[in-house]
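Following this message is one structure expressed as structure tokens.
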Amino acid sequence: MAYPTATLDVVGLWVGWFLMLMIYSYPLYKENPAYRTAEHMFIGVTLAITAITNFSNVMRLCITPLMQGNILMIVPLILGLLIFTMLIPEYRWVSRYPIAVMVGAGFGLGIRGTIKPNLQDAIIDTITAPSGGGILDWFNYLWVAVGLVCSIMYFLLTFEHAGPLKGPTRLGRLFLMLALGGYFGNTVLFRFTMLTGRAQFFLQVLKLIPM
Amino acid sequence: MSLSKLANIDRRVFYWILFIALMVPFLSPIGFPITIAPNTQDLYDGITGDQVNEGDVWIMNFGYGVSAWSECHPAVTVCTKALFREGAKIIFIGIHYDVELTYNKLQDTCSEDFADKVYGEDYVFLGYMTGGESVVAQLGSDIASVFPQDHFGTPYGDIPMLEGVEDHTDIAGVLSSDTGDYGTHFMTQWQAAYGTKMAEIGIAMNGSTDLPRWQAGNFFGVSVGSRGGAELEALIGELGEATTAMDSISVSHLLLILAIILGNIGVLTEKLGGKK
Amino acid sequence: MSNVLKQEAVYAVTGIITILMILEYFFFAETQAWAETIRTWAVIIFNISLFLGAIRLIMAHSVRIQEKRRDWQFSGLLLVFFVIMLLTGIAGYIATGVQTNNGIYNWMFNYIYTPLGATLYPITGFYIFSAAYRAFRARNIDAALMLLAGCLVMLYNAPVGEAIWIGFKDLGYWVQFTGQVPGMRTLAIVGALGLIAFGFRALLGKERGFYAGGGE
């Protein structure tokens, strides 16, 4: 994308740049009215976008088919509207029904969907020995297999981690620490990449680097 | 400066150091070489060559918003280019309110590839969806029920490339670029249920959970954050935003490791002092 | 009777829908129309329920303005931007069926929402940096292992690690592709088992956290 030339776009770019600095005034300086202003602007704008986008979605999914003759669509429309009874204390229990539909569908889909990838495939991959692999491949295979068993034992919370369980659960905890360390390392990449994007934007608006 | 004084430095000093350090590599690029990881190679191999037939319909899920553009967008750009060059057709969908902005940005970053493609025949933007696992499951059984129209209001049935595209059986593969759970939903409701070919182009944070799934065969490839994006740019031979950002990433990571080491010097000296 | 309507009937609805979703997957070769209907209804209800958060927030800020609480002016600013964005978006939607076809809405979407959205989340990057210096201490073997793994993965992800010493790339690669796999796979398995257990508890009406409010 090239540096914009239209006046409104250039103005918008600089507005965005100043808004970014207003937000960063909080960590780089201290909490101040500029930061609060930008924060509240964002919440207001986001709320409106949420409302309109969901409105157009409901129109598309429910209202339009209803107007075109799909009478059954009145059911989710009424159920959806019933969720607003949550705002009325004496009728709050009515909102449990639309929640029950969402929760039921979510749990049903979650239960049926999680078995194969998170249990079956994970366990099969763990117990499948390397075919014709070298020493490192076998070491890795044993590492994953032993690590998995010990880490799962760590989550046996109904048994005291003492006696014969003490060693494996302690080992399991170390495996989990290793995994969390790796997760932290990847999290750092994620957070710093987002910051890098902002640093790049800072320089691009000032035309110090090409857009 | 004693260690105790070091420990009491105002945290804002660190923030300024980081903020400035992130910008320097953009002004004076270094250009460290990047090694391609096997998960990224598998992803690229899965969307190129004989793995993709002309006319195959793929779904590209924009599961990221503007805040994660620098993380996910470079990889999505490369995957879009690769699929278009193989003659595949792409359905773009998204789960964030700013999905239209992401779609517009993709048109900008892949402008040359979009130039010889026709909307409605080679690609379509169906727009925003939400509903968690339910909407992803429903998408698999009836796409038109989730998107009766595309983002611009054209009825599903009036879009030429969607003729005959009804459910998961008509989709060759799914590429999901995620900051959250939707990649997992596609995995449980599409890949696990129907065996649909699927890859994850996620944020780095998801890399730890996605790499074991790639190893288990749930994903045919995984791109891990901006590093994955840089690797994909190297594979397609068109360096872009992710490669540019890698120098800045290198500097910031080194600074963080330095901060960890400095912070732990105190612990180390305490332990050694205690032993004495 | 009222207790049945307020509790038992709700649990029954949850349980029946959960069972229907599971039955469709395990007992039918193809997707069933009745299951698709239930899923579509769940999606529509989900979409409508998202208004609830917006309404609550608007109510909370309106009360702040009415009662002139501390910093009520910011709440006023919030509502002003909300109203402008809402009206322009509705105008665009009514005119063309696509809200971003309104110029003002589009401009605010591109130049207010986008930079603010892109800026607010990366603030956590700053906090990771200060936390690394102040809080990440290798006081015992567990913490040391976690920090070591984190540093190796960071040196693998950043191209500079390989440039400093090829061993960082190899060690980081091992942590990324093997070292952390047992732990992450454990979390996935344990999470799946927990979800299944939680789901069956909800099916049996033992989990009531979703149904707060209404007195019982």
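We just call them A, B and C in the order they show up, numbering each chain from 1.
Keep this in mind: a contact is a pair of C-beta atoms (placed from the backbone, for glycine too) under 8 Å apart; a residue touches a chain by one contact, two chains touch by 3 or more.
None of these values were measured; they are calculated from a predicted model.
Engineer: What topology does the chain contact graph adopt: line, ring, star, complete, or other?
Structural biologist: complete
Engineer: Average the C-alpha coordinates of each chain, average all protein C-alpha coordinates together, and give the chain whose average is closest to the overall one.
Structural biologist: Central by C-alpha mean position: chain A.
Engineer: Farthest from chain C by Cα centre, which chain is it? Let me know.
Structural biologist: Computed centres place B farthest from chain C.
Engineer: For chain A versus chain B, what separation do you get between their C-alpha means, in angstrom?
Structural biologist: Using C-alpha averages as centres, the distance is 13 Å.
Engineer: Approximately how many whole Å separate the CA-defined centres of chain B and chain C?
Structural biologist: Those two chain centres are 17 Å apart.
Engineer: Could you give the separation in Å between the centres of chain A and chain C, each centre being the mean of its C-alpha atoms?
Structural biologist: 5
Engineer: Taking each residue of chain A in turn, which ones touch at least two of the other chains?
Structural biologist: In chain A, 24, 27, 46, 49-50, 53-54, 57, 61, 102, 105-106, 109-110, 112-115, 118, 122, 179, 182-183, 186-189, 192, 194-195, 197 touch at least two other chains.
Engineer: Where in chain C do residues touch at least two different other chains?
Structural biologist: Chain C, residues with two or more chain partners: 25, 39-40, 42-43, 46-47, 50, 97, 109-110, 113-114, 117-122, 125-126, 128, 147, 151, 154, 157-158, 176, 180-181, 184-185, 187-188.
Engineer: At least two partner chains per residue is the criterion; list those residues in chain B.
Structural biologist: Expected reply: 15, 18-19, 67-69, 98, 130, 132, 134, 137, 146, 193, 204, 207-208, 212-213, 215, 224-225, 227, 249, 252-253, 256.
Engineer: What does chain B use to touch chain C in their complex?
Structural biologist: 7, 11, 14-15, 18-19, 32-35, 37-38, 65-69, 98, 100-101, 130-132, 134-135, 137-138, 140-142, 145-146, 151-153, 167, 193, 204, 207-209, 211-213, 215, 224-225, 227, 230, 246-247, 249-257, 259-260, 262-264, 267
Engineer: What does chain A use to touch chain C in their complex?
Structural biologist: 8, 11-13, 15-17, 19-20, 23-24, 26-27, 36-58, 61-62, 72-73, 75-77, 79-81, 83-84, 86-87, 89, 92-115, 118-119, 122-123, 126, 140, 143-144, 146-148, 150-152, 154-155, 172-189, 191-192, 194-195, 197-198, 201
Engineer: Which stretch or stretches of chain C touch chain B in the complex?
Structural biologist: It is residues 25, 31, 35-36, 39-40, 42-43, 46-47, 50, 96-98, 100, 109-110, 113-114, 117-122, 125-126, 128-130, 132-139, 147, 151, 154-155, 157-163, 169, 173, 176-177, 180-181, 184-185, 187-188 of chain C that touch chain B.
Engineer: Which of the residues in chain C end up touching chain A in this complex?
Structural biologist: Residues 5-6, 10-11, 13-22, 25-26, 37-59, 71, 74-75, 77-86, 89-90, 93, 97, 99, 107-128, 141-143, 145-154, 156-158, 172, 175-176, 178-193, 195-196, 198-200, 202-203, 210-211, 213-216 of chain C touch chain A in their complex.
Engineer: Which stretch or stretches of chain A touch chain B in the complex?
Structural biologist: 1, 24, 27-29, 46, 49-50, 53-54, 57, 60-61, 64-65, 102, 105-106, 109-110, 112-118, 121-122, 124-125, 179, 182-183, 186-190, 192-197, 199-200, 202-203, 208-209
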